[in-house]
Amino acid sequence: MIEAGIIGGAGYTGLELLRLLLMHPQVKVSVVTSRRYRGRKISEVNPHLERFIELEYEDIDAREMADRSDVVFLAVPHGSAMDYVPDLLRAGTRVIDLSADYRLERTEYERVYRRQHKDHEPRKAVYGLTELHPEVADAFLVANPGCYPTGAVLAVAPLSDIADRIVFDAKSGISGAGAEPSVKSHYPNLAENIIPYEVTAHRHLAEMRKELPAVKVSFTPHVIPSIRGILTTAHVFLREGTMSVSELESLYRQYYDGKSFIRLRVSGVMPSLGAVRGTNFCDIGFEVEDGGDRIVIISAIDNLVKGGSGQAVQNMNLMFGLDEREGLWRPGLIP
Amino acid sequence: MIEAGIIGGAGYTGLELLRLLLMHPQVKVSVVTSRRYRGRKISEVNPHLERFIELEYEDIDAREMADRSDVVFLAVPHGSAMDYVPDLLRAGTRVIDLSADYRLERTEYERVYRRQHKDHEPRKAVYGLTELHPEVADAFLVANPGCYPTGAVLAVAPLSDIADRIVFDAKSGISGAGAEPSVKSHYPNLAENIIPYEVTAHRHLAEMRKELPAVKVSFTPHVIPSIRGILTTAHVFLREGTMSVSELESLYRQYYDGKSFIRLRVSGVMPSLGAVRGTNFCDIGFEVEDGGDRIVIISAIDNLVKGGSGQAVQNMNLMFGLDEREGLWRPGLIP
Amino acid sequence: MIEAGIIGGAGYTGLELLRLLLMHPQVKVSVVTSRRYRGRKISEVNPHLERFIELEYEDIDAREMADRSDVVFLAVPHGSAMDYVPDLLRAGTRVIDLSADYRLERTEYERVYRRQHKDHEPRKAVYGLTELHPEVADAFLVANPGCYPTGAVLAVAPLSDIADRIVFDAKSGISGAGAEPSVKSHYPNLAENIIPYEVTAHRHLAEMRKELPAVKVSFTPHVIPSIRGILTTAHVFLREGTMSVSELESLYRQYYDGKSFIRLRVSGVMPSLGAVRGTNFCDIGFEVEDGGDRIVIISAIDNLVKGGSGQAVQNMNLMFGLDEREGLWRPGLIP
Amino acid sequence: MIEAGIIGGAGYTGLELLRLLLMHPQVKVSVVTSRRYRGRKISEVNPHLERFIELEYEDIDAREMADRSDVVFLAVPHGSAMDYVPDLLRAGTRVIDLSADYRLERTEYERVYRRQHKDHEPRKAVYGLTELHPEVADAFLVANPGCYPTGAVLAVAPLSDIADRIVFDAKSGISGAGAEPSVKSHYPNLAENIIPYEVTAHRHLAEMRKELPAVKVSFTPHVIPSIRGILTTAHVFLREGTMSVSELESLYRQYYDGKSFIRLRVSGVMPSLGAVRGTNFCDIGFEVEDGGDRIVIISAIDNLVKGGSGQAVQNMNLMFGLDEREGLWRPGLIP
């Protein structure tokens, strides 16, 4: 059994990790921290977990965390993860960081997140977009990708060498904004609406550009009145010529051959959020503009699973030599 | 491995059975029928099941069904199940009927459902409200309860001998109305609305009265703008006196002792549909009117799981000597 | 032109007053206060009002308010209205208070709202449930009813002398909880859910009992995933015997004869929130339990209009000798 | 008073026309047709219109329609309007066609809609995108634009001479799909989802290209879980250079000067569907990619009002010499 600890277990990312790890046959959740709820039973604060976990929230330091865990998941806000990582690694624990702290090069990080990076070691994290970075298997520190980059990059990775320009127009459920009530998550503001935000300058753009260095990338996110899911509409313009749908399908089939969590939608069916709800799948569909030069690729993920905690578990599986599907192999919650 | 067959595998009940059985470690789905989709791959008609099932929909008769299955689930409309049951039982297969055909005494059935019962054997089905009917373990024919009666009867069963009158005011997600588009399920009609229907004479009332014979039972269902879930508000008036919340809690704790899927909400927390989403739990909360004679009991279930296919699997587990939690033990999908 | 002032014009009640008064042909909005937004253009804080109002939010005292208004609407939290009322009345202005401060007798108010009443005059406010209290026409101080009591009392008023017991099970859109983000209004908590709250002891119960003194009244509110609207399901038990639907219809038709905003749904159609969305109507439908002693009356209102600001405008119309429909006569926003 | 007739008064377009015309001080609705509901009271079929209209649905021919109306609105499916138009025009009535039948040149129409055009006269309809086509004032036949082209073209019209390429990524409420239940409008399919459809080849693309002849236009529509509204995200690439937000604002301010229903959102506020709900406004917001060549313009309309029946009424106002705001001047339904 892998002993897994979670730092920051009261937000949506931490709770989704708990939901997934509690169903994982090779994992024992050893410790879960929360400053706010320290000392309270986890299942009392989160009644949906009653009968699944007996632990209380704790508030312990990195070293004790490392002592009690084979792997530690960091589900804390950007800027906090870097407070834990050096000590955890020094103690020999594997670390999967779900914050943005180790996703970008230091200078790029400091530019995008407008803060100093406090970890002064020349640390190399592996970017945990699992399908594109099999080297996670050997990593001690995995920087788990942002939700938007996961849906966007997986949608177009097979085209990354031949695309000239890609406009990602993404639509996300509101759970990506976290468990704290806010103006955006206030029901009367979001219901019967769709909210564009950070329309040209969302921080996740930097991750997309890093993974698609040869492409001119633009990105506009929107929040839709849904709890979970991200549907990414990728408007792709190739450097030259165009491709047919069947050429696309065969390119993608080859590229993603053997990838358990990538499902290609052929025969005109488009991905839906329901088909991936609660799961680690990324479903991808294709259409090509007749007589035009635009290719449309559409991907669907569950932002909290493949776009967050599920991908973190998938990474853990690889880091510990397990089948990547372990603990994650379930169909989407439809209807 | 239990070989399980599903008759009627394209509606929401059948699809939910599939979702659950495909995750069940002791079950192999052997055959799934659908007249409409006969010959088509199940995962092509239902893309969320891709990579989980290779079967095609078939259209076979009861006898062949029995040959290929240890247990057959009937997920067909009321009035059709009785066409299959006699042949299935004769062939020695266990049968779990999710329609209403065997839930009531024949004459009561004919009155309520306004049709002749075509099965002329003096058949005894066990009513599969699992927590109240442990005799399902020995049954060959289980009549799986309606969704509303499940939420309603479980909410008040411990009070069934001392309650004088109970008004059940139930609120259901629209998935209970099935996979076929209808006026009620038309998005602009249901969103930003709540639809009361069959306000005094819903057919499920008969099941409630059968299970609560000593109580004056009234029932009003509503559809809410949600996919899944039933929240039942039970307004209870005792024959004499009243009870405190702590008396209620202790009565319920005793009554439901050892029942894995009943969770009592204490300390003022009320059940929510999220905490049971996708699960087989029935969560129950309590409040007593100060200075009044009314007790309010609130239960939450997922109408497609505990209110349908999950309870059917729970019954199958008991019928085959398994732990009732097998294949069903997962926390609710929150958020 | 009636010069109308609004104290507290930044919450949902105040904004809805603005929406309605800006369309009223006999009204000029003279002043709108908000401490928080003092000095900012109203249409800048609320972009949906752009091109309809040029005023800025102000922060002035009751006396200046009175100088500049023929009628003042108080759209402030409970406990604050009583700070303004004495001065406003002294200055001769008519006052319509949308808070709870003057709805109950002083001692009852202090019991229910758990605070001292600061207005020491033996003040008599008229309870502004317009259809039942035509004396608003002569009032100087109107206590505009709560949203739940409006839907509940109008649903059963014609039965108030012959009903023994009524259980109101109400379902409200979340806008009733106000414009401030909260745990309850957090989208992931409310979507795909329905939230029962203050299940036996909501403060609005006191208003219902005051208006229905001869009936045993119980009340349980729920929040549904909708922005606007309250659907009230009234489970009515008569003191003796029962009534047919046609008897009910004729009783109600007589009782509400000439009432512009009460629409009776006959021929089995039940009220819907869409049909009253954005309007001042209260739609009412009936069903009688066959062979039982229960009558079900269902009413639908828009909680912010008939359940709040619209009824306030209706009261203003009567207080100033206008047709009660003035400025309010529009069909519901369907779809 | 203008006598207005509606052909096809039972669908969402016809009902929205009714809702708007019944509030229009200069209009009397003279006749409304529906084959399906012929002979039934309009307010009985549509309870939200009770007390607003006494008429019954009729089924009469174009000539009688013309006799009884000064203007006829055609709210019938594509392909049917052309059956009425010749006779209506011959009889001297003004016609506003809300179908697609007269929006495109004949050959383009036949290509896009894949049917023969049955009207053999060399008819010139004015394209009723009111802000861009003041010549509607003199028209006898107005082709009212599609909902998507309205939101898209208004968003970028001021840039139509300098843009090289525009990708419209549009998100619509489901009411655009009509009043008939369908797979797409089935609540469990749409809730918690967003549905891309006709991703490269929606028929409205032809209208956009006609109005923006100098631009490479792409268009991808999605349906969001909302009843009303279209939010259009226009990703704009200029032929050369870029523009600042303040340059955009000043260009737009000049271009739309005096247009009552165009509201420009400055200072970083983005349009929302709530602010235009139930209204004829088109709200427009701007952002420019820092260091990039992409401009993002976002527009919001109510698809049934500015995107359909409201714009039809606006056109009627101009055709009859009225202020364009007559009968349409109301703030959005927020919250």
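We just call them A, B, C and D in the order they show up, numbering each chain from 1.
Please note the rule applied: contacts are C-beta pairs under 8 Å (C-beta built on N, C-alpha and C of every residue); 3 or more make two chains touch, one makes a residue touch a chain.
On a predicted model such as this, the values are computed, not experimentally measured, just so you know.
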| item | value |
| --- | --- |
| Contact-graph separation of chain B and chain D, given in steps at minimum | 1 |
| Centroid comparison with chain D (C-alpha atoms), farthest chain | B |
| Pair sharing more residue contacts (C-beta pairs) when A-C is set against B-C | B-C |
| Geometric centre distance via CA averages, chain D-chain C, whole Å | 35 |
| Separation of mean Cα positions, chain C and chain B [Å, integer] | 39 |
| Mean-CA-position distance for chain C and chain A (Å) | 46 |
| Contacts with two or more other chains, residues of chain B listed in rising order | 12, 175, 179, 188, 191-192, 225-228, 272, 274, 277, 335 |
| Topology of the chain contact graph, where touching chains are joined (line, ring, star, complete, other) | complete |
| For the chain A and chain B complex, residues of the former touching the latter | 12, 15, 19, 22-23, 46-52, 175, 179, 191-192, 227-228, 260, 263, 265, 269, 272, 274-278, 283, 304, 330-335 |
| Residue numbers on chain A that touch chain D, as the complex places them | 167, 169, 171, 173, 188-189, 191-197, 199-201, 218, 220, 222, 224-229, 231, 233, 235, 270, 272-274, 277, 287-290, 292, 294, 296, 298, 335 |
| Residues on chain C engaged by chain A in the complex (per definition of touch) | 12, 174-175, 179-183, 185-188, 190-192, 225-227 |
